[in-house]
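Since the structure comes first, as structure tokens, the remarks are kept for the end.
Every chain is named by a letter (A, B, C and D) in the order it is written, and numbering of its residues begins at 1.
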Amino acid sequence: MKILVTGFTPFGGETINPSWEAVRALDDSIAGADIIKCEIPTEFEASIDALKAAIDAHQPNAILCVGQFGGSPSIQIERVAINLRDARTPDNAGFQPHDQPVVDSAPDAFFSTIPTRQITDRLRAAGIPAALSYSAGTYVCNNLLYAALYESSQAEKGNSVRCGFIHVPYLPDQAAAAVSNAPSMSLELMVQALTIAVGTIVECR
Amino acid sequence: MKILVTGFTPFGGETINPSWEAVRALDDSIAGADIIKCEIPTEFEASIDALKAAIDAHQPNAILCVGQFGGSPSIQIERVAINLRDARTPDNAGFQPHDQPVVDSAPDAFFSTIPTRQITDRLRAAGIPAALSYSAGTYVCNNLLYAALYESSQAEKGNSVRCGFIHVPYLPDQAAAAVSNAPSMSLELMVQALTIAVGTIVECR
Amino acid sequence: MKILVTGFTPFGGETINPSWEAVRALDDSIAGADIIKCEIPTEFEASIDALKAAIDAHQPNAILCVGQFGGSPSIQIERVAINLRDARTPDNAGFQPHDQPVVDSAPDAFFSTIPTRQITDRLRAAGIPAALSYSAGTYVCNNLLYAALYESSQAEKGNSVRCGFIHVPYLPDQAAAAVSNAPSMSLELMVQALTIAVGTIVECR
Amino acid sequence: MKILVTGFTPFGGETINPSWEAVRALDDSIAGADIIKCEIPTEFEASIDALKAAIDAHQPNAILCVGQFGGSPSIQIERVAINLRDARTPDNAGFQPHDQPVVDSAPDAFFSTIPTRQITDRLRAAGIPAALSYSAGTYVCNNLLYAALYESSQAEKGNSVRCGFIHVPYLPDQAAAAVSNAPSMSLELMVQALTIAVGTIVECR
């Protein structure tokens, strides 16, 4: 079994992105599955291209995308992606769409197809602050999850790949540098959280 | 040089108090100073008695009290203690004062006498989320800092002991168990923060 | 033109629901459209029945449902409803579904079909705190919007009814009675907001 | 009986200050007391001069200063002022003090001398969101309350004037114009709150 786990490049003036820092620190094998790690550009279009290229290259059985949610106090397990792009700030390519679809003439939304409830329960049982989330926003994170779920929905029956998205908080040094009093989480705990999430994806089909 | 560092016993239904967990994990010597560690009961009266007993026994040059501030996203360095007790819930002895002074006929407030600004700056420079705070509340934490500063203010000239207070957030497993989506901080980061704070107290007179 | 505007009955221990208080105070005619007002029970099943009955009875051209979002500081204009029921507390009929669909074998979500962006812009231009929202939760509010959009999607081409949902904050006296320090909004401002929203639905097709 | 009630000039890029809007709308007589209204510049030094001039001119029996606390969801009744000036942004005169006292060699803090608990209780009983506050910040608001209380403390025995401070939230149109989703309160409710507060000061000696 192969799981593709992606993180994003830094954006919004930050020099690191905790999502990629946590993903790159994962073990290469979790719960018996091979872990393929991929850093994705924080750009609406290029992120989708990069994901498709990684899927083509590795043919994973499941995909877990990870992104930064600055201001979140906990791990957020996203349940749904919507067919909407609306950016308050330009992406890393300078593109700032307003009220546009991710995919033309496609469904309004897709539910995540990983076991979001079980992941959340296991994280909390392990002492890791975590919550289900019903909005992944309208920026590049939601865009990537929607694209992954749309691609999977187009696959031939039986070939669909399970896809999900997890948002991680700021790292402590990002929060320390911020003007506002933002919450944060240690890298160690993020890595532990993603390891549990991947293990749950492997075990709960 | 001797620094007395105190943490509190658990309260409010919690089974641990991160303040004492962090204090007990400190090195016995920081920046050349001997560290005396003391667990203080979360009770208005007994906390003051325990502090006075520790002062009598150890004659410290400075005192750093540490307490839990559930819901805080960062280390809070308290600048002021007020002469007021007002408890929304009973303390661990079942005592629930309303609008009473800590010390009768004493000043309305005392500023902390440790280098709060330098501690905050050093913590943030070290990548640890931290902020100055101008209210330590009206519960046992404020009560203990007020009592420490009042005692010190009564000392003979030249003998006064510097006193301060630091609030730490929930530990991750406390936040994970909470119904609400509370922020948290790892024990490792708390210990690092207190080590920097004590070092700053030693170095900045 | 006829617009059906609904509010909910009180729930969660409250004695009033600001959504119905604001709806019942609307003028009977706004921007030339007749306003049909309907109080809907805060129950997963009965709310849908009540909505269908009102649609049958009045054959409205558009539907605006309004609900309470305690804790919100502003008017929230919902953009999407998801096919999911998950209740932290029982509804007024004692029903507490977990991870169930609103409608079996139906799409994962529908976008609202009222002009959400224009409503938000007009509200803010009128000095009323307002924001687009991308999650109406998983309780009775989301349930009602999903059901309305699903029904409309089943209509014959050209007969579909535009449907939307607006969340209003607590009224001031609800916030005053709450233990926590919750934000609120005056009834007058809510009524003004709903009047602008309905006018925008009438004018922006 | 004469009560001096002050509000502040706009600052921080705002064109109005809700504190003065609410104060200027008060009746000229409340609970049998004459109400003297005074707009105070949002400047560390000039605010104190203006307050002293108003005291000299009107010889009030009590003083209630009112200020804006953008981001607060409720009326905040301040219990304490500290002898500290620390400004994150310059005041309206371009002065930006850091860690300086309001009055040299004066006490660290003074408690407000108006009946803060009764005011809070009466406001909540009247359905107005309100809370006691234990920090008025370190900007011009705290500065003015400290100066008022210090002046009063210097008066001959029996001649001291009761002084207090109330923070009000943003007005709705300020919140609507803000980028963030800030809470607000209607002017009518603020005026009602200040009327109750002044009445309580008159009646509870």
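Annotations for the structure displayed:
Here is the rule we use: a residue touches a chain if its C-beta (ideal position, glycine included) is under 8 Å from a C-beta of that chain, and two chains touch if they have at least 3 such contacts.
Quick caveat: nothing in here was measured; it's all calculated off a predicted structure.
Farthest chain from subunit B (centres taken as the mean of C-alpha atoms): C. In whole angstrom, the spacing between the mean C-alpha positions of subunit C and subunit D is 39.
Spacing of subunit A relative to subunit D, judged by their CA centroids, is 47 angstrom. For subunit D, residues touching at least two other chains: there are none. Interchain contacts close the chains into one ring where each touches exactly two others, per the touch definition above.
Each chain pair that touches appears in this list: A-B, A-C, B-D, C-D. The touching residues of subunit B, counted against subunit D in their complex, run 79-80, 82-84, 99, 107-111, 117, 134-135, 137-138.
Across the interface of their complex, subunit A is touched by residues 73-74, 123-124, 126-131, 172-173, 175-177, 181-186, 188-189 of subunit B.
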